[in-house]
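Common to both upcoming complexes is chain A, partnered first by chain B, then by chain C.
The block that comes next holds the complex of A and B.
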């Protein structure tokens, strides 16, 4: 076992409450409590070389009224991708930013704030980016019904042009 | 932002002024805008302004069957759509525990590398156009068209192929297409000296691109830079080699790098990568006839397919960098969540906003194009 892998093992030993699962070649899934995730990311970065924050994904779980945040981290040294999963409740829907550890987090946190409404304490930029003129609820939440929104907002119009009924496509 | 909602910032008498760079501007890539604050022609600050191409793909995909999304995913990135198809399909296969046939894997790699050649030819033209050199643009687009002809022959479509489906590919290669692809590759390679004369050995271009938008290795690592932009800073990381998928571990190719980290280095890396992709394609052309067997594995009825519950993160090395699809299934007929991590989400927002300040106005377009930022990937 090389030095980096030993370091990773040491991180796991230091945080015994983690649920670690090797899900495939170069893939590790970690289930971590929300209050322990920043520590995990710090240890992974500082001791095991997980420098690259590939993405932060958010999943809405309305049954339990939780958001699942998934931090995908890649280590250039050991060529392994860790997906660290944690859950935060809808109420208050706040979590801590990891911008101080991984600068690219600002982009993903801003996106999640815009699309799911999660507020990240310490994130330097949570201005609207894509939906600058959107007044409605965060649209990626499962509770946002796109079909109902369209029916409420727009009027349906009949559109049946002649050419659509013409099997030759208007070529006679 | 709609024009009627734009309220110009009222500055007090100052040497600074605000300039909207895009969304309708020949120097912007796609429908995208950069809000620049300038003093003279030097950028003081730069804010990316996206959303003009937002089509809500991630939300729509939650409302479509797994197989229906095959028609949606290539539309996320126009210049390089094949990696979108492949990464989505591979994520679904990972969830479903499907092992796709070897022949399908080779065909997918062929499509991916041909798409990379297309994207890099497009890139040469785009980068040159930011310096007012349009001949390169015409050449790049014309040569790319020859590969689009091959795509059309294989898939029936030139851009949005919808060819790579979960389980394999939609149909086998037509008779003789490998020979025709081989001829196109010979032609594209033979054109490179002409590109060199016009662009790569052009002292004006070299002077204009050298030292522009320079990224240090530390910045590249801490700002989440990936792909050719990272390799232009001297880091030989490539998902194809370091986190291999399909048959990439059976192929022989080099990872070109440069050390300067500027716009010129990024272009040189891509020139070399074009040659490496041609090298890979020739290996595939030589091997594919010997790889028989089916092109799809057995699938459940795609219209009533409940993909097993779970979550996966599939990654691909696209022409622009690291592409990731995080896909969650609850065991139903539709994805519960699809998160697309386009490489441009970092390059067009996070990196561009940090590289912009201090540069000159005439270099803004060049910096953006040299990063190969693709706004549709940002907006999704």
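The block that comes next holds the complex of A and C.
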């Protein structure tokens, strides 16, 4: 058993139902149910040294009407990256914040709330972050048609072929 | 003053906008000098900024033509937009532009400022920069090489020297239109902290479209806008510029 697995062994004994897959030399993929994910993160932090939540990413799966949340955790002790995958349904689109475990989660959750519309219970700040001027629906949802929005909102400049003839516009 | 040519001392009414011969000569000298000492403020949110270090430094050495980077908008002559602008950064660009003192010039660098460029289908980026602030020169390309940037700087210098680079006046003359375009993105309550209408009066650049439906909500901040009521309703009388007493209020 290699070194990464040894450190995770204590976690896996506590949670035997995890689907664990070693996808690369320093990569571990864990599929976990939504109600068990905070427990997993706490165990990984407390027992296995996965102190660094480097990102939370979100994937929109319109076929099954689910959001997939991916928590990326890094261990400085064994230099291994764990991605913990869980799925939550569109309706109601709410999940629990992990801000109490990892304080940087507030930014990732705020970002996901802005881009996908997921509401995180217990997140201290979910005000607009990047899109402070945005009035529309969450733009990273696959149902959002960005080309149609752009064509509705903005105008285009017609190409003038004479631009190519004299780059200085006749004044150079 | 009577305008009867048989009685009047002066045979014609002097247009307040018209410059005297001495004034025009001084303007030409000022333009000539200004074109040879331009400070450039770079708004480097786009990838085009990577072409500026070689333009500025020893390889192409922009200071040969009297240009140098400036770190603040209030001392800068040229605002160089180096690539795409999102709606959020456009708001900052508008505030930056309005802080610059006239005469001021804007150069849009790269295809993004012309027609959206490679971000044409992004919900977050604007497509036509000249809808929001007046643009003097565009540099096409993704990215334009330092030679192209220099070519445009020389072109702009020539136009300033000849007194042709007057796009910044358009912002005052048609402020209502520009503000309306900005409000489409930022909401109808948007206004910049700068008193653009007051500057238009100061520069004597109040035009037919300086005030309108979009600037209506600004009036509660500046009581002297009421004084402009005489020029607002009748387009035919717009030529009568507001007098300086209005400014002093």
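As a convention for this text, the second predicted complex is superposed on the first by the 153 of 172 C-alpha atoms of A that agree within 3 Å, B and C clash if a C-alpha of one lies under 4 Å from a C-alpha of the other, contacts with A are read in each partner's own complex, and residues count from 1 in each chain.
Everything that follows uses one rule, which is that contacts are C-beta pairs under 8 Å (C-beta built on N, C-alpha and C of every residue); 3 or more make two chains touch, one makes a residue touch a chain.
The structure displayed is predicted, hence computed values, not measured ones.
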{"item": "Which superposed partner A:160 touches (first chain B, second chain C, both, neither)", "value": "neither"}
{"item": "Which superposed partner A:133 touches (first chain B, second chain C, both, neither)", "value": "both"}
{"item": "First (chain B), second (chain C), both or neither touched by A:150", "value": "second"}
{"item": "Which superposed partner A:81 touches (first chain B, second chain C, both, neither)", "value": "first"}
{"item": "Dominant toucher of chain A (residue count), chain B or chain C", "value": "B"}
{"item": "Common ground on chain A, meaning residues reached by chain C in one complex and by chain B in the other", "value": "130-133, 139, 146"}
{"item": "Chain B to chain A touching residues, read off their complex", "value": "1-2, 5, 48-51, 54, 56, 58-60, 63, 94, 221-224, 226, 235, 237, 242-243, 311-313, 315, 322, 324, 326, 328, 336-337, 339, 341, 345-346, 349-350, 379"}
{"item": "Chain A - residues contacting chain B, complex", "value": "23-24, 26-27, 51-55, 57-60, 70, 72, 74, 76, 79, 81, 83, 85, 102-104, 106-107, 111, 115, 129-133, 139-140, 146"}
{"item": "In the complex, chain C residues that touch chain A", "value": "87-88, 91, 114-116, 120-124, 126-128, 131, 140, 148, 151, 154-155, 158-159, 184-187"}
{"item": "Residues of chain A touching chain C in the complex", "value": "130-136, 139, 144, 146-147, 149-150, 153-157, 163, 167-168, 171-172"}
